[in-house]
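As written, the chains take the letters A, B, C, D and E, and residue 1 is the first residue of each chain.
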Amino acid sequence: MREFWSLVRRDLLLARRQGGAATSVAIFFILTVTLFPLGVGPESALLGRIASGVIWVAALLATMLSLDRVYQSDLEDGSLDVIAMAPMPLELVALAKTLAHWLTTGLLLVVLSPLLGVLMQLDTAAFGPLVLAMALGTPALSLLGSIGAALTVSVRRGGVLLSLLVIPFYIPVLIFGVGAVDAAVDGISARPHLLILGAILLFSLVISPLASAAALRLNLE
Amino acid sequence: MREFWSLVRRDLLLARRQGGAATSVAIFFILTVTLFPLGVGPESALLGRIASGVIWVAALLATMLSLDRVYQSDLEDGSLDVIAMAPMPLELVALAKTLAHWLTTGLLLVVLSPLLGVLMQLDTAAFGPLVLAMALGTPALSLLGSIGAALTVSVRRGGVLLSLLVIPFYIPVLIFGVGAVDAAVDGISARPHLLILGAILLFSLVISPLASAAALRLNLE
Amino acid sequence: MTRATPDDSNKSFHAEDLVCIRGERLVFSGLSFEVGAGTATLLRGPNGAGKSSLLRLVAGLLRPAAGQLRWGSESVDRDREAHRRKVRYVGHLDAIKPVLSVGENLAAWAGIYGGRAADAPVASALDTMGLSGLADLPARFLSAGQRRRLNLARLLLDPGTLWLLDEPTVSLDSDSVNRLEQAIKHHLAAGGSALIATHTDLHLENAAVLALAPARPAIDADA
Amino acid sequence: MTRATPDDSNKSFHAEDLVCIRGERLVFSGLSFEVGAGTATLLRGPNGAGKSSLLRLVAGLLRPAAGQLRWGSESVDRDREAHRRKVRYVGHLDAIKPVLSVGENLAAWAGIYGGRAADAPVASALDTMGLSGLADLPARFLSAGQRRRLNLARLLLDPGTLWLLDEPTVSLDSDSVNRLEQAIKHHLAAGGSALIATHTDLHLENAAVLALAPARPAIDADA
Amino acid sequence: MAAMHRFANPTRFVRLSSALLPWFVVAMIGFFAAGLYLGLFVSPPDYQQGDSVRIMYVHVPAATLASGVYVVMAVASAVALIWRHPLADVAAKAAAPVGAIFTLIALITGALWGQPTWGTWWVWDARLTSVLIMLFLYLGYMGLWQAFDDQRRAARAAAILALVGAVNLPIIKFSVDWWNTLHQPASILRAGGPTIHPDLLTPLGLMWGGFLCFFAAVLIIRMQREIVLQRIRALQTLQVATEMPVPQEA
């Protein structure tokens, strides 16, 4: 496990140094959401109705756009060869890198989501469920995204193929994430949505390391 | 000018070979737009109201995401050194690469926008202005984006920083692009918006090659 | 977790009837050789003969289309993790992060390799490759030769048993080539072994030469 | 558009009092040298001495912190485009697109370089570097040495006047090194010139040597 | 050569499938002819929708087979990954474009049908949304195949994706249904879904049979072509081996 945490620490250090990757994800998230009042018009009733959807779509996009960081640069400069030969299973490598990805993107999205709720005139009653849903949903996004990132890692400029692969898998997270917030807005319990999000998270936690490791193995050849 | 067209042709060839970069941009555009109904719900009236905004935001994102293709891979493999030493001014190089970028992304967005109008339940009266506004707006997006791409080209994984730089410049295009469509929906003339979009395009056409070339020069050092 | 020190695996490494196919083209076939403990084998052959491919095969990064890799009589496939703990691969690519300093780059590898490497003094590895003055320099400022030296310094953190070096002398000045030769000799003297692809000369006594020619490999034992 | 053929610029290239600063560190200063028409200069020095930096300076990809570059008596800054038309730079990086075939890679450069290069038979350039059999192979399948040969073949499309080669022999097998030497000699015989950074030996008669040592460069004239 | 070994089994497949192919083609022509005749000329027009109801004879079989083909693909991928059966990859690769085309036909005929019946080309109904997502899954799968030039690696990557997709498919379907019932249902669809008249059932069944035979025939043709290509590649592999120059240096 020492190697596992070393790898996580390394990826965090790299993210911090690489032009503040984490802050850029945060700013991308905020900017995408602020584009909407500009695009859709400022009526607060309309904004409030689409708030949960817009925030979640922006979270999906922000996660997806940062996915190529997970494996790609390590493959390109040969680091992935060296990591793959380290004395730990490739499944653990994938998990460590996914964890580091979540810590530098998803975690920030969780923290920032109330702020965006304010910007989008979201009902204050829904802030709690929004944060909770984000806390359960974003790790699932990182885990599912890791599979796509690993599959396309040796494909030059695979970024857009990556989004094509990943978006269908993101749809359930989007739907139940939005569902949790909308339930709270409508005054019903968000619990069922949150439970389903939890189930999706557990499910991704099981398949992601396996599928990512298998994908990495074939891409190293 | 022979060199100019050779460079455009080369970039088009590369785009075609690189896993169908152009089709992937198209797919990304469609995917992003489909996420919104899933996020905000399927009611046609609501969707129709936010349609123009969503389509334009998706166009912005699709353009932005493909921007790193313009210079980055050429810098990373040393091709940009060789191109910069070719017997043509760097301004022309920037223009050629931007043109190739538009032909493989913006042009597709123009063609696809009516289809997305259908998906988003947009008023059919607005289809004409939507296509026109896209035809004027997307070249401006490529030109303005080229400046950002050139500025961030030597930053590893500069993708998100790039979006930070570029989004503020994209906002006028977004506002008048959406304005043109909404005017048509409301039954007023879209002409003033289209004229302003044309002016933005001309303006970008003048400053983009100059600024991009200066930024490239900086980054080659 | 057992550690691979030269002692606990005093067996020679064998390859038998290896076939390598890349991009659906046959690179070599029927290749057999042995790398004994304490010995080095130089891999030679024209461009495209398959030297890099062979090294990646032995490293476990590529799977052979046919053939076997063994430590003594035990097949590598039986325990791939043990194999990984024994081999150290330095390829054409640098595995250097430009945003980290020279010292941080090496420290990161030391952590990830765990075991002995985690406690290995990064400073002494840098020193051996003549990089001690540059430890705090961001790696993006390194020249081609300095980058390669940093990459080679990784070997010294935890030397493992079998070194797989792909053109290690590229971009190195003559002083650095000497340092590399010393490091290899030291590794061999400690019971390690090495398989080295190179187009230039490396001064190693008693090194076997494995000449690779597509589909017709041969082994002669001289320096 | 005037073309740079060896005839129309039968002047030697001069560098005077060059100062190079990279990443806010002084790499070298007060460096002066001359590369006459028909001659080659070998650039030597330990790793990090500034060979690659000097070549990028001369190529115009870096600006010197101080000092002057001249063709005969005419400063390079007066007409940078003419200078670009005269120099040909082959650096550490490959400038090879993995998705294009070997032939397409070279053809793309020929088009972009316009003038003489556009009409130059790509096939003959490939042949000279021993790549003729590989013209239709996607470049991503190339081995390290084959990639370098493809990169060098670019020089032959439109040779310009002054070749700037950064460690051109890296990864080349001995046969390819011969081909490269022949190509350089041919270029010199046609009135061209070359500035070549290398750690290995290149067999060129009458090549001057410019030895670079950080902040203390010196010129000796022998082979 | 060991590589040739792998094709012993495909050889048998080619023989068997070549024998079956004409039957599928004949059956397909028969089904289509009878189905189209009954559907276009014999069956009565719908009292509400008029003749546009006849689009159903193409729409419904295409829509049902669209997800059926994905199941075939996923099973083939599982076989390929677990047992490394050489035919399984070929089958999965051959099935994907057929499935994508069925999906596309369902979408296009659905949209053509929707215009006269609902007055709009598209609504975000749960079923339609699932079909759209299905199209994305197909496109991603085919894109991944294309992105690699080494067929062996492409096969493995695509198989991993197909399997992950298959286990995700129920979750996606479930979530889309949930999403649709959560919001007030798109009213037109509730009203518009016509119950199928027995007179329409016979031509529908015939057309369905025709589509199925079409799938089988195209699958066989594509698989055979893929096997031939694989053989050519294997031959080229060997040929390169013998043509390689033998270097002199030791």
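Keep in mind that, in the parts below, contacts are C-beta pairs under 8 Å (C-beta built on N, C-alpha and C of every residue); 3 or more make two chains touch, one makes a residue touch a chain.
Since the model is a prediction, treat every value here as computed from it, not as a measurement.
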Which is the least count of steps on a path of touching chains running from subunit B to subunit D?
-> 1
Just list the two chains that share the greatest number of C-beta contact pairs.
-> A-B
What whole-Å value do you get for the distance between subunit C and subunit E if each is reduced to the mean of its CA atoms?
-> 47
With chain centres taken as the means of their Cα atoms, state the distance from subunit D to subunit E in Å.
-> 54
Where the CA atoms of subunit A average out and where those of subunit C average out, how many Å apart are those spots?
-> 37
Distance between the centres, which are taken as Cα means, of subunit E and subunit B, whole angstrom | 34
Of all residues in subunit E, which are in touch with two or more distinct other chains?
-> 136, 139, 143, 147, 149-150, 176, 179, 182, 249
For subunit B, residues that touch 2 or more chains besides their own | 18-19, 24, 27, 31, 38, 41, 76, 156
On subunit D, where are the residues touching two or more other chains?
-> 92, 99, 138, 140, 174
If you look only at subunit C, which of its residues touch subunit A in the complex?
-> 1, 59-63, 81, 84-85, 87-89, 91-97, 99-100, 104, 108-109, 111-115, 118, 154
Contact residues on subunit E for subunit C in the complex?
-> 2-3, 149-152, 233, 236-238, 240-242, 244-247, 249-250
Touch list for subunit B against partner subunit A, complex = 18-19, 21, 24-25, 27-28, 31-32, 35-36, 38-41, 46, 49-50, 52-54, 56-57, 60-61, 65-66, 68-69, 73, 76, 155-161, 163-164, 167, 171, 174-175, 178, 182
Interface with subunit E, subunit A side, in the complex: residues 147, 151-152, 154-155, 158, 161, 164-165, 167-169, 171-172, 175-176, 179, 182, 200, 203, 207, 211, 214-215, 218-219, 221
For the complex, which residues does subunit D have touching subunit C?
-> 22-23, 25, 45-49, 51-52, 92, 138, 140-146, 149, 167, 170-176, 199-200
